[in-house]
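One chain, chain A, appears in both complexes that follow, with chain B as partner in the first and chain C in the second.
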Partner chain A sequence: MLSSLGNPRQAAAQLMNFGLILSTAFMMWKGLSVISDSPSPIVVVLSGSMEPAFQRGDLLLLWNRNLFTETSVGEIVVYNVKDKDIPIVHRIISKFGTGPTAKLLTKGDNNDSDDTKLYTPGQNYLVREDIIGSVVGYMPFVGYVTIMLSEHPWMKTVMLGIMGLVVVLQRE
Partner chain B sequence: MYSSLVRLQNTFGFFTTVAFCVALLISASDFLSDRAPTVNVLKTTQLQVVKGRADYYSSKKEEYAIIKFTLDADLSSLFTWNTKQVFAYVTAEWPSAQNNNATNQAVIWDTIITAPSSDHLGNFSPSKLKRLRKSAAGKGIDPSRGKLQIKNQRLKYPLTHPTGKLALTEDVQLKLHYNVQPWVGFLSWDQNQDWGKWKALKNGLSRKFTLPAIKTKEQAKKKTTTGGTRA
Partner chain C sequence: MASQEKITVYNLADLKNTTDDAIPNYLSSLKFTPSHTPTDVRLALGFSAFALSAACFFWDYKLGFESTKTYTAFAVALYTILNGFLTFWILFVEKGTIYQGTSPKGDKIRISTETKKNVPVYYMTIEVKDGKTGEKKTLKISRSFTEWFDAAGRFVAAPLQTVLAQGVEVIGRVDTKRANAAKTAEGAEPGPPAAVYTPEMLDMLSGAGVSVVGSAAETATGTEAAEAKKGGKRRKA
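Let's look at the complex of A and B:
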């Protein structure tokens, strides 16, 4: 099984193979990022504030270009609050003005009140720049893996170990 | 090459490919079903502009509008086997004083219409859940839920404007919108144009109206005190 370790050429090929898998994944992610113009084109839902539409662990596909229309009321957007690094998925419920300075207010479908309290104190509205994408596609459950991984860090180690083993042990 | 790990890997790979293809087919099936949502009635029944705190948390006093409206719409064609929920919402829209584009838009009322199989996912009260379950016993799809008949509905979210001024605003229109949330696939919204088998939302706009002048101080005061006791 470990015969490859005795063969440097084969070991190097396997290392290359592993690198290829990683870089392909990375390129696909970044490519999607360029196409959708969003720093994070796929996000996992972390809270239940948009239930029943989105549950924890659902995967959302984002689009951040305004080709035909501006981002407007009713769209579900992912935004970052100033100085906080937690993306939030909520629906735009009002929009005053047009263009990049339009004032946007958001609310979770499952929440009783709008998001003013989630924003930075003094910030009453969002602007287009705060938004990193509008939700266009939906895939249930798939993202639960990442929630499991981030909530149970030991799973990350185990998974990486298994992946490494598989690559090393598999012969072409 | 034929170790159990590799077999496991191949099985998992095949499973994800098949699952993804099935999901894609389901999502594509959306485009094969007819959509012809219509609005029969959408009109305001009461208009009022008051100065005060729009909700219990707001710190500043501003003008806000209270609107009551009547809505009769048929969104039943939006419910197919891939519909998880329909989010229907009514917005008030009006052009800004400076230019003529409709640049002010605010949701005044919304409702979540779940498909029978997603009832349990919503955060509904036990009584409402029971009622929903009973109404759709044995049904996976229940298009009749898409028939909205609402009379004299008070708005859910007080209508305000960042400038704090709303009285005598002209050319305000109510508009019904919807957002269809699929079980898997692409989200869709109401359209202004026909698109294949999906027809545009008919008659979704109310007549244009002008918001009334602000209520006098005494009346406004009375309003806020009654609001306080109710809270």
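Let's look at the complex of A and C:
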């Protein structure tokens, strides 16, 4: 196994194979980003504010191009509040004006009131560029893995351990 | 003759990789000059694709998605092309090549190998181009791995070298000793060796009190086991 280290080309090839696995995964993600024109084309639902449409752990597929129609009332969108990094998935309930400066108001289906409280103080509405995509598809429950991993950090350690073990045990 | 490293004889990938590594060693001991061009092309393609995606990651991290998306789109397209070409190169140009080079007499040789799932046979495809006449030839040799691995998984170089020297004229011309040895040995008995136990294995088995008889199912009686034990002790002494 370690004898390959004696041969620089073989060692370089092994390093390259490992690097290409990482970079191919990254470039596929970026390709999806470019096609959907969204910085984050796949998101995981973290809260129950859109029940019964989406549950915690659902995986959402986003689309951020307005090819035929503008983003309009009734659409479920994912947006970023100014200066906050957590994307929120809610439905557009009213819209004033047209074009990129139209004022949009959102609300979670399962919430009592609209999202004005969630926005940054001083921000009373959203505009088109706050939105990172409209939901066009979803897969129930698949994203729960990432929620588990971020809420229970010890699982990350266990998973990394198992992956490391697999790499050591099956070496092609 | 045997190398120090032992492999698991049930692991086909290990058998193939060890043999693949041994052939370039043998040929370079015969003063063949290797050509690394195909490997270098593969490495260049792979690493430039990786560098491109690393750069893409870096500008995305530093500048965000919106301001860099044109570059990202180009990077994704270029990455797809590079990776596609890399796959083409591995599948259709390299085709499992483990050695490419020139013999001291000026003949060109290229060896590619493969194995089939669950079949312990080493399939070699050898392309040669005569240095003087420019004549091209393709040979196919397939041999069982048992010919050059002993029961304990140690690689034994001589039989493999003999197979190559005997089977490939370009190699035989340089390594006349092995090529001729092959011819004389052919008359005698080229059959594969029967189940061979190494001294260590016998020691281990007798120490554990296990019957050492080759086909234990046939005659696994107490006396047989006792005899085997004696045999083990005798070897130790």
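Keep in mind that, in the parts below, the second predicted complex is superposed on the first by the 153 of 172 C-alpha atoms of A that agree within 3 Å, B and C clash if a C-alpha of one lies under 4 Å from a C-alpha of the other, contacts with A are read in each partner's own complex, and residues count from 1 in each chain.
Rule of thumb we're sticking to: contacts are C-beta pairs under 8 Å (C-beta built on N, C-alpha and C of every residue); 3 or more make two chains touch, one makes a residue touch a chain.
If you're wondering where the values come from, they're calculated on a predicted model, not measured in any experiment.
K.L.:
Of the partners chain B and chain C, which touch A:31 in the superposed model: first, second, both, neither?
P.N.:
In the superposed model, A:31 contacts chain C only, not chain B.
K.L.:
Can A:39 be said to touch chain B (first), chain C (second), both, or neither?
P.N.:
A:39 contacts chain C only, not chain B.
K.L.:
State whether A:86 touches chain B only (first), chain C only (second), both chains, or neither.
P.N.:
Neither partner.
K.L.:
If we overlay the two complexes on their shared chain A, which of chain B and chain C does A:67 touch? Say first, second, both or neither.
P.N.:
Neither: A:67 stays clear of chain B and chain C.
K.L.:
Using the superposition on chain A described above, determine whether A:16 touches chain B (first), chain C (second), both, or neither.
P.N.:
Second partner only, chain C.
K.L.:
Determine, for the superposed model, which of the two partners chain B and chain C contacts more residues of chain A.
P.N.:
So, of the two partners, B touches more residues of chain A.
K.L.:
Under the contact rule defined above, give the chain A residues that sit at the interface with chain B and also at the interface with chain C.
P.N.:
171
K.L.:
For chain C, which residues count as touching chain A in their complex?
P.N.:
Residue list for chain C touching chain A: 5, 13, 21, 36, 39-40, 42-43, 46-47, 49-50, 53-54, 56-57, 60, 64-66, 69, 72-73, 75-76, 79-80, 83.
K.L.:
Using the touch definition from the top, list the residues of chain B that touch chain A in their complex.
P.N.:
Against chain A, the touching part of chain B is residues 1, 3, 5-6, 9, 23, 55, 57, 84-85, 87, 89, 91, 96, 101, 103-107, 110, 112, 114, 118, 121-123, 157, 161-162, 177, 179, 181-187, 189.
K.L.:
Help me check something: in the complex, which residues belonging to chain A touch chain C?
P.N.:
3, 9, 12-13, 16-17, 19-20, 23-24, 26-27, 30-31, 33-34, 37, 39, 171-172
K.L.:
Quick check on the complex: what are the chain A residues that touch chain B?
P.N.:
It is residues 1, 48, 51-53, 55, 72-76, 91, 93-98, 102-103, 105, 109-110, 113-114, 116-117, 124-125, 135-140, 165-166, 169-171 of chain A that touch chain B.
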